[in-house]
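Note sheet for the following structure.
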Amino acid sequence: MLLAVLSGFLFACIAPVVHGARPLAKSYYGAGWVLAMLPAVLFLWFASHLRSVGLNGEVILNSWTWIPSLGISLSFRLDGLSLLFALLISGIGFFIIAYAGRYLEGHKDQARLYVLLLSFMASMLGLVLSDNLISLFVFWELTSITSYLLVGFSHEDKPSRLSARQGLFVTMGGGLALLAGFVMLGMAGGSYELSELLSQRELLHDHALYAPMLILIVIGAFSKSAQFPFHFWLPNAMAAPTPVSAYLHSATMVKAGVYLLARLNPGLGGTELWTMILGLVGAFTMFIGVFLAVRSTGIKKVLAYSTVMALGTLTMLIGIGTPTAITAAMAFLLAHSLYKGALFLVAGIIGHSTGSKDFMHTGGFRSAMPVTALFAGVAALSLGGIIPLFGFVAKELMLEAVLDAPLFSAVLSTLAVASAILGVTVAAIVGIRPWYGRLAETKVTPHEAPPAMLAGPVVLASLSLVLGLSAPLVQQWLLGSAITAVHGAPVEKNLSLWHGFNLPLLISAVSLVAGLLLFAVWRGFRRATRFTDLLAKVGPEQWYERAMVAITHVSAWQTRMLQTGYLRYYLMIVLGSMVALVLSQMWTYRDSINLLIDVSDLRFYEVVVAGVLGAAVLMAAITSSRLSAVAALGAIGFTVALLYLLFSAPDLSITQVLVETLTVILLVLVLFRLPGFIKLSPTHLRLRDAGLAVIVGATMTLLLLSVNGTQYFDSISSYFIAESAPSAYGRNIVNVILVDFRTLDTLGEIFVLALAATGVLAMIRFRAEDKDL
Amino acid sequence: MGHTTALLALPIIIPLLSGALSLIYWRSRKAQRIIGVLGTTALLVLSGMLVAEVWQHGIIVMHMGGWQAPFGIVLVSDMLAASMVFMTGISAVTTAFYALGSVSKRHEHFGFYPLMHLLLAGVNGAFLTGDMFNLYVWFEVMLVASFALLILGGERAQMEGAIKYVALNLVSSAILLSAIGLLYGLTGTLNMADLGYKIGQLEDDAMISVVAMLFLVAFGIKAAAFPLFFWLPASYHTPRVAVSALFAGLLTKVGVYALFRVFTVIFPFEDTFAQSLLIWIAGLTMVTGVLGAAAQFEFRRILSFHIVSQIGYMLMGLALYSPLAIAGGIYFIAHNIVAKSGLFLISGLVYRFKGSYELKELGGVYRQYPMLALMFLICAFSLAGLPPLSGFFAKFLVIRAGVEAHAWWLVATALAVGFMTLYSMVKIWAEVFWKEQEVCHIKPPRKYHGGTRIMYATVIGLALLTIAMGLAMEPLFLIAQMAAEQLLDPAGYIEAVLGVTP
Amino acid sequence: MGTLMAFLVGGLYAAAIYMIMRRSIVKLVIGLVLLSNAANLLIFTSAGMTREAPPLIPLGALQPDGVVADPLAQALILTAIVIGFGVLAFAVVLIHRAYEVVKADDMDQMKDTDT
Amino acid sequence: MTTDYVTFGLELATAFFMLVGALFMLLAGLGALRMPDLLMRMHATTKAGALGSGVIMVAVALHFGEAGVTTRAVAITLFVMLTSPVAAHVIARAGYFTGTPMWSRIVRDELKGKYDRDNHTLDSPPRYKPKATAETSEAPAANTDTDKKEP
Amino acid sequence: MNNMMSLVLRTTGYFLLPLLLIFSVFLLLRGHDEPGGGFIAGLVASAAVCLHLFFTDIAATRRLLHIDPRDLLGWGLTLATLSGIPAVFMGDPFFTSQWVEMTLPLLGETKVGTPLLFDIGVYAVVVGSVLAIVLSLAEAEE
Amino acid sequence: MNGLTWNIMLALIWVGMTGNFTGSGMAVGFLLGYLLLGVTLRDVPRFSGYIRKVPRVVRFVFFFLRELVVSNLRVAYDVLTPTDYMRPGVIAVPLDASTDGEITLLANLISLTPGSLSLDVSTDRRVLYVHMMYLDDPEQARAQIKYFESRLLELLR
Amino acid sequence: MIDVVLWISFVIMCIALIVTFIRLVLGPTLPDRVVMLELMALLSVAFIGLYSIKSGHSAFLDVALVLALTAFLAAVGFARYLEKGGLHDDD
């Protein structure tokens, strides 16, 4: 299974080679077919498990160690649920890649598209096959990344870039919540392996972190699956070329969230919180999605919003969690993937063959492109939930589940019925509007699509019909085990095309009529509901936009406040922090700190030297002449040297004298070029700075007084005094320390000097002239 | 253990000698280049051997000059130090190779190579030394080398940035020096293990806690922690990009390392005021850094601010003070060195092709240089913490540690900051790589002449490394874990150095 | 003497900080000199000061007679003085070049790089 | 007994020289404080300063009575005698050159106007020149007492 | 002919220069036993060269030096670093002092060791650095 | 080989023979050597100059020291009394000294003696400008300095 | 006796130091200040002499030796600066 996942990445790597390969060079779409062989093979490989996994309900586990110390492994799990998804991903992937070969024929970035599509497919496969939360998350994020690049495929257009960014931010933002949730889940369950986690339902439900972890995971899933309030990114992601949209929206990425919820249902599901969040949000999303679909006119937009509806439905069903609901969810999932995949490809064909991108500019294409029209119609029927298509099966089950929902049945049912009606309208818009009526004026003369592009819609739409007719078989071979996987136990619910006359059927019939009526007054309906645009102004998309603006503003403000460019403010903050920390700690320990104030042992000449030093320091600080300041530095140098001398440090004293002399020479050499001091700051600022400076100084004084009063241990220097002559053969202990006991310090020190000299040379001799990097 | 091996000193001696030789051969570019490549490669190899050595033998100690601890200076390598030295080696090799293609004759003539070597020596010295004052000395070596590298070129922006950089870093050095002096006055010793040992014996260590604050501030400045980071964004974008990359990769990490070292061995951190403080510092560092980046529209400035925010994650590892957290922090350091250096180097290539660092003026790189774009994506997504790159696991570790410690706000901050990092990376991607360039001010050099190829190679190397660090996480995590366990058990360190059990 | 030195050192720090915070870059350098002296004297004081007993061993002896001043502190300060000198030399030339490039002695005209 | 006298005599001499030396140093300081202009201050500092420190070195040499110390004391004295007039000279010259104001009661200034400010050459007065062909026509920039700032 | 600095200074300077240099070597060699050592000695030597610079000009001072300060820098650093290496061949840690006892004319029994080499390296580095800085600054001045 | 070198060699030999490697040993050796030279080689032309010069040097040193002390006392007096008596001024002194060494030594010594401070030497080295504290009579002051110069030159030539 | 004289000498030296410093502050011109720095160096030499007598440690004389040899360099530096046309008075 690892190979199944990795092969996608490998193919992605060689895609550019294949794309440019000489035998295929004449017809670039040829590469599409070649590369499509990979998903085809994968599809067949997964299909070969239909008997064992699908029919017999086996679970195949495969594990490769990755980071065992952290409980992260590359473990894969092929059960009904992952098989269903894997088949959808690889199957639809086959058509998409083949389609892309033709759709973007001659496009300069076609090779990159292959790379991205294949990587994306591989990531999706990894996601649905992973049995380890963290590796699942890895693939989860990979799908976000690849989809970002796919959505931004036409990256030279700004809207395209913005949409890609929006999708990325929403899904990644959710991804972060998901990560936190996963970490909590792993902590609560003691493992990241799904196989282990899902069997600990009780433990998880009772865990103190159940609610937060659930909410975090749900946020992650919702953002990916475009649940309200994250639904807005999906239609915007329509900037992508059609094969991309189709792939993203039919089978794959957007369903990742649904997949995750379904996957975790046995472990986390079944609580009121679960049902409440998933059920209500799902239902609301379903309604919003379909409502907005009807309100839109752009071909892809309509399809995208209808996808939102489907995702809402799925979420709602998983939230309800009853056997019927789970069955409905799986059926709906399959149905949606088929018809939506077909319809997106059809949308692409319309765009490709006519140049139209809006339903308002379509009509009457049936004669020019009959095959497309036919299969578009079939897919639309499935979308509308019309018998005998598989969509019908799914919709009936959905209505049944909603009606029997243990919680919030009334709300859910109301929304479900409303959505069913609008769903029919959407189906009509898609299935009727472009094909019938007056022939619309188009940029391109309508023509039938080539086989590579037609293959997808034809097969997928046909499957909608075939599967609908063989619903029980589908359950037996495929959905049954998936349902078991989601529910955590086998389900006694049979899938069939015909349930007899019951309430759901009635609702279906009513909604069919109502939906078609609504289609008839589509324009009017859209006009009548224009008021909802006002709502959009305060809707989640606006939140997103505002957040983006807020980030810019807040960050600019913060930078203005903090990174002012004024060294003195930086110093104020730095030193202020230091003083605050030191003083606060001193205050905390005020009882055990012992300030030593003892002036009894002073000698007058020491006081005088110190006094002159102090006065010189004052002079250096307040003089208005820089030359006086330098002279004051000289005085400081001499007095410091005297202090060192008075306290038994001849080497220091000599060094100080020499360094001071050279410092003065350096300053004098440099000052020649510089202007005199100008009084730059007004008095109050100088007082403020002086205040801070005095506080810093006082802090250092306090520190020193307390350290003078405290000596915890004897100094190690007695060792040097004792060993200098006998072991190091030197009588000047300071020098012996420098060149023998602590050679490394001195070594570092001379390197500092050398570095300073090198820097100085560079500064003086190196003028900024050449700009080459 | 007291295992003595020359391996311990070589990561300092080699760059010191390389630097000295490069200074001797300052007239010959060729010699300097050869020394540059050989010296850094040797450094990498030796540091790899050092890691292996520590892995096998635990903490190793060398008593420089043959003087017993705590009297002489000891070099100590636990796993933290060894792995930091190894990361320095990686940084060194990339810089040296990238420099072959990118550094101009004049830069070479005025000391790029010796400065680079000595910067590395300072960094490694700081990592390996077991003596507080010696740490100060190596900090200064590193600092002055960085000063000189920073101004190499002499442009106005460099001078302006350098003045702030120099002033603030010198203030921090003065604080550090004062803190060391006070600590010496209190304890009469400078050896870290001895300090830890003696302070551990104290009943009343009021003044120690006070002085610890000075260390926190001094190293906080070096590490560019909130609110002490100002010098970094003011200057890091001004030098040549090979230099920026080296700085970004290494300098602040040394400050972080020092915090890790000092607040485990000398002032154990658990349940102290300093720890609770550091939690706040970590969070605020992340946030202010990332917001700073969000406000920028210049390639390298964005990257510079992100250094700050990433420091927050590393500090978070220390602040949480659990084995996992510290391992996470350590892994984060390693990851950041790779990813951040890579990004800076990429910005240099972009500059070479497009002649600007301003997002506004850039564009079209994805179309013209897809390989470069891919490398950027890898490094940028790694920085933003996306799987399966090293950044993801770095983030994962600290977040998991945060969750385990129930540090909810810190976890939330870390996650949000991860998002904001993505924000900035996407901004760069969209503007520099996706967008069409309006006007190109320079004539791009021929696409693949020798220098560019070497630059490319280093960038690719780093990108592959960040992938590899993610994929081969297990051994790295074990190393980080070992480092963390050693850090959290100062007794082992003390015993290795002093031969006494506290 | 430690007490007096504590106040002196405090004064040195205060003056140094005040100078570093001025707008004039020349004052910045003077502040750095003061800062370096402040830190050195702080170490000197903190280690404890001894009168009239330099850490030297008389010719022919193996140990000094009597108590001598702390040689380690002196060695540290010596190292610090040298480092301070190197850094200062760099800083002096830096302001010199900065003045040439910016053509002003005013820190307020050197804030373009930050934002 | 003899050694006691010698010791006492040495001590006495030491004390004397110390005191004298210190007084000379004080003199230098007071002179510096009180004198009205730069050059006059330098009279005090150069002479009294050099002498004072030299005298104290004599005291040092007497006190220690060791060859090594004596050598060093002599060396210090010599160095002071060597360097301090040079220092005085260069400062005086530079001070004069840059027009440091002189005391208002100066009686005579034969140097006035002899410096060439551009190439720093110093002319000698015509009467001391080998041939009496004094070119009075060349008029170097005036160096007046009030001319504080150089051009 | 440089009129900038006076004849008096120049003449005294030529006298002081060797004096200072000798003094610096003296400080270097005795540093292990009395106040002095490589650093102090190096500073004195640099001061001597600064003096020379002050009474002559840069060209003359460079001629006086014979060697570029940058070379001095590099060699000094190398010498100081290498002085720590012999220990390794004796099986000791880096920078363990190695002493050779020898009888020298005039000085008698003398111990000569790597610390002296190290100190000479320090001396060279100090002279090299200070002169590199001062000379280049002086050049920039002109 | 001139007298001084000989004298030093004799002193060294003395020190070597006595084994007394100290300053005082050297001084004794030097003195002995000088006496020996003075007694034995007085008439050898090569050494006669040296032998005559040494007492002059000694005398000059004492002369100079006296001047130094006197000058200091004078300064002391001035410092402690009101400034009214001072008549400062700059005079030009023509030079007989011709070599750099002579001029420099003279200038430095003048700076160390009472009431005078060398300012500068003219570029043609003919004139020394001296600042005087008490310039009652410029010619007298010039003569004073010329006398000083002659004593010095006597010693040097 | 010698102790008493030492103390007196120290007192005198201290007064000298203070007085010198006052002139250093008063200036008024750069050359004045430089002269005072020179004097401070000489004062230090003398002070060191006294102190070495007081402490009995001749090692301190080495400091005086260095001072005597090198302190005048600062003055020479200043003089050079002035002659090159630097401001001598920038109050």
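Every chain is named by a letter (A, B, C, D, E, F and G) in the order it is written, and numbering of its residues begins at 1.
Following the convention adopted for this analysis, contacts are C-beta pairs under 8 Å (C-beta built on N, C-alpha and C of every residue); 3 or more make two chains touch, one makes a residue touch a chain.
This structure is a prediction, so every number in the text was calculated from the model and none was measured.
When the partners of subunit C are compared with those of subunit F, the chains appearing in both lists are E. The greatest centre-to-centre distance from subunit D, using averaged C-alpha positions, is reached by A.
Compared with subunit G, the chain whose C-alpha mean position is the greatest distance off is A. Judged by contacting C-beta pairs, the busier of the interfaces C-G and D-G is D-G.
Subunit E and subunit F have centres, each the mean of its CA atoms, that are 34 Å apart. The centroid of the Cα atoms in subunit A and the matching centroid in subunit F are 90 Å apart.
Subunit E has its Cα centroid 36 Å from the Cα centroid of subunit B. Residue positions of subunit G touching 2 or more other chains: 10, 13, 17-18, 34, 36, 59-60, 62-63, 65-66, 69-71, 73, 76-78, 80, 83-85, 87-89. Residue positions of subunit B touching 2 or more other chains: 16, 19, 23, 64-65, 133, 137, 140, 144, 147-148, 151, 154-156, 163-164, 167, 171, 178, 182, 184-186, 190, 230, 233-234, 295.
In subunit C, the residues that reach two or more other chains under the touch definition are 16, 20, 28, 38, 42, 45-48, 51-54, 56, 59, 72-73, 76, 78-79, 82-83, 86-87, 89-90, 93-97, 107, 110-115. Chain pairs that touch one another, listed by label: A-B, A-C, A-E, A-G, B-C, B-E, C-E, C-G, D-E, D-F, D-G, E-F, E-G.
Residues 24, 27, 30-31, 34-37, 39-40, 42-44, 46-48, 50-51, 67-68, 70-71, 81-82, 85-86, 88-89, 92-93, 96, 102-103, 105-112, 114, 121-125, 128-130 of subunit D are the ones touching subunit F in the complex. Looking at the complex, you find that subunit G touches subunit E at residues 59, 62-63, 65-66, 69-70, 73, 76-77, 80, 83-84. Those residues of subunit A whose C-beta lies close enough to touch subunit E in the complex are 650-651, 654-655, 658-659, 661-662, 665-666, 669-670, 672-673, 728-732, 735-736, 738-740, 743-744, 746-747, 750-751, 753-754, 756-758, 760-761, 764-765.
In the complex of the two chains, the subunit A residues touching subunit C come out as 559-560, 563-568, 571-572, 575, 596-599, 601-602, 606-607, 610, 613-614, 617-618, 620-621, 626, 629-630, 633, 636, 640, 643-644, 646-652, 655-656, 659, 662-663, 666-667, 670-671, 673-675, 677-678, 680-681, 689-690, 692-694, 696-701, 704-705, 707-708, 711, 715-717, 720-722, 724-726, 731-734, 737-738, 741-742, 745-746, 749-750, 752-753, 755-757, 759-760, 763-764. Residue ranges of subunit A in contact with subunit G, taken from their complex: 604-605, 608-609, 611-612, 615-616, 619, 624-628, 631-632, 634-635, 638, 641-642, 645-646, 650, 653-654, 657-658, 660-661, 664-665, 668-669, 671-672, 676-677.
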